[in-house]
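Chain lettering (A, B, C and D) follows the sequence in which the chains are written, and residue indices restart at 1 in each chain.
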Amino acid sequence: MRAVVCTDFESSEVKEVETPAPGPGEVLIEVSRVQLSVTECMLYRGTEIAHHDEVARRIRESNGGAQLFGHEFCGRIMAVGEGVDAYAESDRVYAPGKPYCGECTYCRSNHQHLCDDITSLGFDCPGALAEYVRMPVEPLCTLPDSVSDAEGAALQPMASSVLCTLDADVEPGDTVVVIGAGVMGYQCALLADRFGAGTVYTVDVRNRPLELAEQNGVKAIDATETDVVEAVNKATDGIGADVVFEAVGGDQSHATEGGEPIAQAFEVVRRGGTVVQVSHIEGEIDLLPRYLRSKSIRWINPRKGVVAIQPGTDTGRLAADLVADGEVPIEDYITHELDGLEEFETAVDITLNKDEYDALGPAQLVLD
Amino acid sequence: MRAVVCTDFESSEVKEVETPAPGPGEVLIEVSRVQLSVTECMLYRGTEIAHHDEVARRIRESNGGAQLFGHEFCGRIMAVGEGVDAYAESDRVYAPGKPYCGECTYCRSNHQHLCDDITSLGFDCPGALAEYVRMPVEPLCTLPDSVSDAEGAALQPMASSVLCTLDADVEPGDTVVVIGAGVMGYQCALLADRFGAGTVYTVDVRNRPLELAEQNGVKAIDATETDVVEAVNKATDGIGADVVFEAVGGDQSHATEGGEPIAQAFEVVRRGGTVVQVSHIEGEIDLLPRYLRSKSIRWINPRKGVVAIQPGTDTGRLAADLVADGEVPIEDYITHELDGLEEFETAVDITLNKDEYDALGPAQLVLD
Amino acid sequence: MRAVVCTDFESSEVKEVETPAPGPGEVLIEVSRVQLSVTECMLYRGTEIAHHDEVARRIRESNGGAQLFGHEFCGRIMAVGEGVDAYAESDRVYAPGKPYCGECTYCRSNHQHLCDDITSLGFDCPGALAEYVRMPVEPLCTLPDSVSDAEGAALQPMASSVLCTLDADVEPGDTVVVIGAGVMGYQCALLADRFGAGTVYTVDVRNRPLELAEQNGVKAIDATETDVVEAVNKATDGIGADVVFEAVGGDQSHATEGGEPIAQAFEVVRRGGTVVQVSHIEGEIDLLPRYLRSKSIRWINPRKGVVAIQPGTDTGRLAADLVADGEVPIEDYITHELDGLEEFETAVDITLNKDEYDALGPAQLVLD
Amino acid sequence: MRAVVCTDFESSEVKEVETPAPGPGEVLIEVSRVQLSVTECMLYRGTEIAHHDEVARRIRESNGGAQLFGHEFCGRIMAVGEGVDAYAESDRVYAPGKPYCGECTYCRSNHQHLCDDITSLGFDCPGALAEYVRMPVEPLCTLPDSVSDAEGAALQPMASSVLCTLDADVEPGDTVVVIGAGVMGYQCALLADRFGAGTVYTVDVRNRPLELAEQNGVKAIDATETDVVEAVNKATDGIGADVVFEAVGGDQSHATEGGEPIAQAFEVVRRGGTVVQVSHIEGEIDLLPRYLRSKSIRWINPRKGVVAIQPGTDTGRLAADLVADGEVPIEDYITHELDGLEEFETAVDITLNKDEYDALGPAQLVLD
């Protein structure tokens, strides 16, 4: 089969590699679409964030290039390994979860998403930047017919947004503020609304995301024109927001002073409210604990992976169903679809420089 | 002022009575609209349900007729008593709550909705079947401009539906079944959907309610054609519903055998699921406790009155806001609007015989 | 090995049967102690309750007698089957759970305790009324050294009590009433206290259980002398109990009238409170739904089986740890320990006629 | 009456002032005991923390000295103002709460503890460093007879500890670590145990607090000898603690590196666990958000004031009842009882220099 192999940081080629065969409990999936993630693109460029050492080692130890990245994808099952009952050939699937060990204390007590020895697709093993990908069935979820391939390849981050929003414990009627209308910020805003919030405000500086928010029933605040804290306080009789999602992340320096996103989050949240850290803040920040203490703020960092909700439902399943029903139109953020694995380098460039390309979400590669 | 006074059961007239003056902590409200409740109509006809004895006593002790009934209404504040700061003249209001004593252990520990000595408007004191009604401010809630008078007069039951749905603890993605699409069943179905349910099914035997449900994003099951339990089990991979609302009530005989609504509720709910008793079942029923125990069912009887949700929000406020935002179109069920207090007897008849009159909700009286 | 085999209802003998060998995922356990359950004893006597048909079929189809009953036991692992990593030879264990299928929707979504196809030890397969018992590892839990064999054999019902008390959602400071100080009532009372209840009342008519309750920090109400509702109302400023456990069960006729235990539970619980149905009520009861509705009562039937609590903890583990730490002295209720499988018939008699034998809990058989 | 008046920072005298008279809704309390708080002592010394400006203004504007401090006290009601029904002369009381405005959005929606315009006893108005103190009744709570005066004067911080522990949402069986065995750390440890924690570890470097912890069923970790993270990981199969209380506070510099208390808290908590910020960290700290995000940590800053729990119970009532029942022996930390208001300066010195005086808690002044 053909696959993207990385011969070094910032150096890749598409070449023929051996098609894997599914072992016991595994399936082989024919990839329809694959979407890059910002983290993958940063790692490919050599940035020293989480997974960097692993990636470096995989490149170094590879013979002729390592099959890296590609955990956001959808495809069709081509072959099932021994003992696989829950899936059959031609099932359409995506992978909201990650393979877990099944043996550690977390796994044995039904907390598999916290597994000690989780396997990261595309980092610890070959991902879906290839015609086929082999993997155990546990992380998979079937796709309803009404979910398109484009949506299917974009569903894995949506499953994370579902978990972020569940962990936020939004109460019916809550005032919710989402700072940053990137992919996950947009999804969290729509999900908070869907899960019963009274009024949801999305804050951004770009026109298009604010337009999309308004089209989907969420109030848009253009931070270039409007003071967020003032606007929300005015709308809430001076109380502030019950729940705030910080969905900008990146390089920030002070959490409780000045106007950076996280500082804004702590300022706009009401006494006794919750700030949900959706995005990753790089490096260190300064913080005045007294400020958080005086307002009785809960600062939560959501769980990751796939979590059971009710019998028959988990966060991966719910994400797929919400998209299938048109509740969260994630296709709004799929702006760049490229043809074939050969476009990998272009896709990296678009994903890392969205504004330059007028992109909202990461680029997708279409395989056929 | 003019008011409906009841000289006996099934006997009333509209006549001139003294306009009350608001005491300390009270307001005088000019009534715009008043909607009857089924309970009030049954009491007027002399049925021996809760409040019967009170009503009989009030009639007996009255001199020339008692001002009874009228707790579902909206109007405009005409005068405020001493010490009232939260309301001003010309505020539009409705009354989601009931006056509480403020002194009992419940009240002093912020559980006023469970007060030992609650005052029922229209039973314990004159209600809004008059040009003006006087009452303490605690039970009141202001109406947003976008709520019409018709909606305002129908909001009190909606506040109860909000509390029923909150107490149901619907989780995102839940399968919810609402048995009975009367006023509260319809509202609970739409609210469960709004608060994050995955799929909501409304069960009824009448066309119009089922059409309205479908128009509002809720799946309709026509019980004359479809077996509810079979349909839900099929849709949920044999699991059943996470939450079921019993919103038919009335005269039922067996809770765990046969096909009456409550028996259907216990049958369609999944193991470990919740049945919410929205409507009042009359008299006694037989029940096989082993059946409930074997399925680990929670049977809950929702709280009543107005309950605080978050700072600045309670169930009465949330009900008004949801209607103002068009989230729950309660006007769909307002089918009969009559002109003036003189139509009281007709309104009673319509409210008690909805099918005959092609009515969905109770009749309203328009005052001008 | 030697085992109790039932040749008919009320007819058994101890005889030599083939010692089973553990298959993949299974272990063979040398039984140290086995405790009967009331349900098993009733089934042995032929009572037509749940499992009756299964038991009848097993007896009918057996060749020379069926190995029935024996799910409350402890023992030591003698051999482990293929693929068993979590347990090793000589581990001391008990079985809080039941084997589940691992394939149904419940199991695949981490709700194994609700499995569609649960296997009941001693009903669907041979239990521990034998020198050895073979079973899959999932239902097992290791025993701390400080748990005696007598306690180990009595731990399975304690794990159910832990789940009942968790499902009751006792809040710190709650007033809790436990009606009936049988094995599970006693345990729920002590657990409610341990989990933060303010005051716990245990109600019974027998001296010894009431003495034991008092010795363990729980207030005793002798129902032969004291009116429970009056006493609790007096102690709570007229409010009533936040949570009530109905732990008598048996043959009751009316749930909301008269003085039977369940009626007492609904009467003593406060408005908005919770009644937990711990014990099994036989047959049908009459019930006035209006009574439950007017008090906004939640009536819950706790989940069964083993449920995950936190990473590394489930209800089976917690039960064992609480006994190991001396928090719930379950040995107080182990009053009759008999020597050898031959005493099976005597054990049945004691367990079904506790008062006659001055027994508090079921009889245990000691194997050596 | 005689009262401590502050003529400047670090300058006070006891002198005769006018005895206040209770207004409507107020009572006059004869003070039995008053306990200083560290915050009060720091403010008296002129440290620029919260309330500093208020204190400076009160001193500046006073004519002959301001009556400052004294919110931790107990006493007996001597006179009740107009409209006070809930209290009577000779009732023993303490003040877990603070007077609230009753008018703001928080107050009107049953969130009085978050009131916009809370009055701080001893800062905004005269406190209990006097023979009598006048105050509104809302913040008061009666004392059971079995609570001594010494305990009564120490109950206000205990009510805060109750709220911290409630907000921690300890689950039955949880592993809890409390870093710092000062007054509130000690109380939170015992409360976590009382509310159902499985194992509670108290960490300190002083012998006496660790001995007291062990005597009360809490495991003691002497941080001078034992590595906390290692010890807890070993005991939890590598998982870590479900809930960690940071109860040291003070001057700390880095939250996610090095071995300061807050860094230790984030290190010892398990993935998906909760860190409760009990104590006040002064000034700014550095923090690596990625660390918290990678472990999915919830960092909560508990609510303050008195919060309703159930009908008839709030955090102030529960604190008093737990001490009355001997569940949390707060008298263990009352080590210095001085005779009369004249000892104010000595009490300040002891409270700020506990180790030097071999004190565990703040000093108390006994009035008679």
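By our rule, a residue touches a chain if its C-beta (ideal position, glycine included) is under 8 Å from a C-beta of that chain, and two chains touch if they have at least 3 such contacts.
Because the structure is predicted, anything quoted here is derived from the model rather than measured.
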Chains touching both subunit C and subunit D, listed by label: A, B
Rotational angle, Cα trace of subunit B fitted to subunit C, multiple of 5°: 180
Between the pairs A-D and A-B, the one where more C-beta pairs touch: A-D
Between subunit D and subunit A, distance of the C-alpha-averaged centres to the nearest whole Å: 42
Inter-centroid spacing, subunit B versus subunit A (mean Cα positions, whole Å): 42
Contacts with two or more other chains, residues of subunit A listed in rising order: 105-106, 111, 114, 237, 239, 270-272, 310-313
Subunit A contact footprint on subunit B (complex, rising order): 162, 165-166, 171-174, 191, 194-196, 198, 236-237, 239, 242, 270-272, 309-313, 317-318, 321
Subunit B partner contacts - residues on subunit D that touch it in the complex: 85-86, 103, 105-106, 108-112, 114, 308, 310-314
Subunit D-facing residues of subunit A, complex: 50, 105-106, 111, 114, 116, 237-239, 255, 262, 270-272, 277, 280-290, 292-304
